[in-house]
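Below is a structure I'd like to ask you about.
Which chain is which? They are A, B and C, in the order written, and residues in each are numbered from 1.
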């Protein structure tokens, strides 16, 4: 006589969330040099500050204790992954990001935990799904905030007949203001080694409206996107199993496309080395193994910051399926052009 | 004029083994944080004690010198891999495991060597193969035993006419007794953080006979199983080359299925964090790229141990090709049900 | 109104090079234990000195500060990868290597930078391509030379009408002389543990002309060769994108075949643990996912060195598509036999 257990995690459904609810996400995660190596094996990242401990030290970028910080998106994916079991296991779609800032650098040996607060809820007119807004925050073992961000997702209801909550739609900044960007303590780009970094361009060389086709492309494989997504302990079924979607394909984690596009952007943005904030982001279309991902960027804004030698570029990073040398974001009717996978708005720090 | 060399290793055949023979396996191996990162990229492991150095320290789990121990199966696969060139290069099948215990935790920086003693031999009635039993032991650089286990394999004879040895079949325990389980020095689960670990279930919440369908699945790729198997320096040809089997497929290392199923079991057994012993195991059917592996568990026994807050669950872990929500192990005639890949019997430590 | 940027790197064309030109390559790279782990996951390397920190210490091999050095080819690939954006982004083919020596061992934590000097130029008769010879040198953060080598590549001209430079063809040694081999400081193979290393053969057991079929094979996957090639920050497009070649296949980086063949050579050359020099090398044919790579070696020379217990084997390492137990390098007409992928001439250090 066997007794079936109900101990597995069904995830939360729309009606399980309440505005003001605080969730401590499980399985804190210690990051290591192994994460850096895998990140470099999976994404073609070459930014000197992350590639070289010597370069990082030369611009004053050190963790507490002198460690070589890890690329910001490593911390972001680890922190984000923690939220998946509680927030988006039953998600239909990841709708957007806002107000994401990188605070204390994450170094090998740090342990990140993530917590979230539900800050908005709105049932869809179908009555079968709703949108959940959460503000999440990753802290290290000293309790310092490493990263915080808002994201919103469309989540299934468990029961279509469950009553709709009072709608609460949070007011979110269209972008992090340049004066609110966090510059890592000690960062000094005034003696920056452009030859070692790989390109000569500094803040003043970029103009608002300028577009850069990053040229290079990477054809996706299932093994690589699954390895990355597992590394972040993201457990959404659609990424790992051919049984999880009617088409039998494994959906590539949206963050995989972000990291890939960001790494490809080295070619033309080699000096936009540090990500300071993510203002907004849309996963426009799904990506699958066999797709060849390219990227282009548009300069949205430029700013001078207080730290020595430090400027900021606000960039639109667009990932496409196949190369689009025309850098077309939208068609005449305002919808995204065919082939656009990702439309990400972020701030990067560059030498002035 | 070229002289062909006979310096390559043909492996041992059945008639090369003698009861009492001791084999020192080659290529000691230093484990590192890189192994942990790769393990986490290849298997969806999320157990907090291995994911977080802080969590491990909070339950008193530390290596000598304070290091963050590595998941037991990392040590097991490394130690097992050492035995392959000598024991199972000419194996037809890996038949079973018994009496496997995890003694001193393995931490990054430890160097493992493995030795084996032949404890049993029995020629098969065909006269073309025989079964070899070995007791193996992995020791660290201080000579402390980290892991020991018995396994038996069916091995080809080099020469079918070679005489059969006197059969010796070792008496093996059906399971490690609860009182013989090794609890890592210092382990204290009495102040266990269930929220950080991801599930609320403690020893008393599990009942003998209870079954847990772990829900999640992973579709295998050749790149991933080869990377894992290489990491363990397991050199059996069938895992790596499409030329090694008549069907042109690369056989997935059985240990890959063990680790995958164990990682999937997090969903329902998140607090069964430490593996204390492996009582028995059968690789029921081969697995290949494209197969989607799911897992379910059955609680076979429960025990309270002396260490503070520590209990033990004896679990049957079953990996299946495709999900079997009915958790059927055997058909009416007693043979394994279609789709069963692995039947593993082990002890895990859980908070009381 | 969008302005397209010209900030991306088109790479150098033949007419961009001048004899005597010195290039500092970008993106210095800190190597870590993560690189060792990935190398061991991607290549079936089992050489004891690299696998075990204890074994390395037992033969006196330590980095400054006592670290466990990394396999030489890890350093080589990292150093080589740096040269790709400047030297071979527009290459038709990588034609050869010479005079490559390994000087100071590379240990985790070291940061490598690479510089090159153009030492030869010769336009091809077609007028559309030319050959560029560069001498490259990788230095660590203390300015010590870790590796230096010469390679030559055939590079496209940007403009077929550009005038040909005066041809300069450097005189290169056919092989590094045994007396010029660098033995790592402290290396002492006189108390070598053959059992731990995995084979009993020492210098005197190898004869000039002897050939060793290394038996084992590995079937290539796209995920693995791309991960390796990214790890080395090699950004040549043909390795990563199905759009980069007319046949839609991703070309395997030649260095991937070198490392794979070298790792396979463990079976018969387990004691040829250290690579001291690369004398010459030809990538004879392209390799792609699905090819099964095997390897054989020929002993070209033997030498006794001054360091205690240290000898050297000059070896030809041949990688083939499919196993060639006949070890045929060339056909009757002197061209390479079908299936030969790599012909590499190198010196390895072995116990006397």
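Following the convention adopted for this analysis, contacts are C-beta pairs under 8 Å (C-beta built on N, C-alpha and C of every residue); 3 or more make two chains touch, one makes a residue touch a chain.
Being a predicted model, the structure only gives us computed values, none of them experimental.
Undergrad: Could you tell me which chains are in contact with chain B and with chain C alike?
TA: A
Undergrad: Taking all residue numbers at the chain A to chain B contact, is the shared part over half or under half, that is, same or different?
TA: different
Undergrad: Chain A to chain B: how many Å between their CA centres?
TA: Roughly 36 Å, centre to centre.
Undergrad: Where does chain C touch two or more other chains at once, residue-wise?
TA: 32-35, 37-38, 221-224
Undergrad: Chain A touches which residues of chain C in the complex?
TA: For this pair, the touching residues of chain C are 1-5, 7-9, 24, 26-30, 32-35, 37-38, 85, 108-109, 111, 113, 141, 221-224, 226-228, 230-231, 233, 235, 237, 240-244, 250.
Undergrad: What residues on chain C touch chain B, complex-wise?
TA: Answer in residue numbers: 32-38, 40-44, 46-48, 51-55, 68, 195-199, 201, 205, 207, 209-219, 221-224, 267-270, 290, 292, 298, 322-323, 327.
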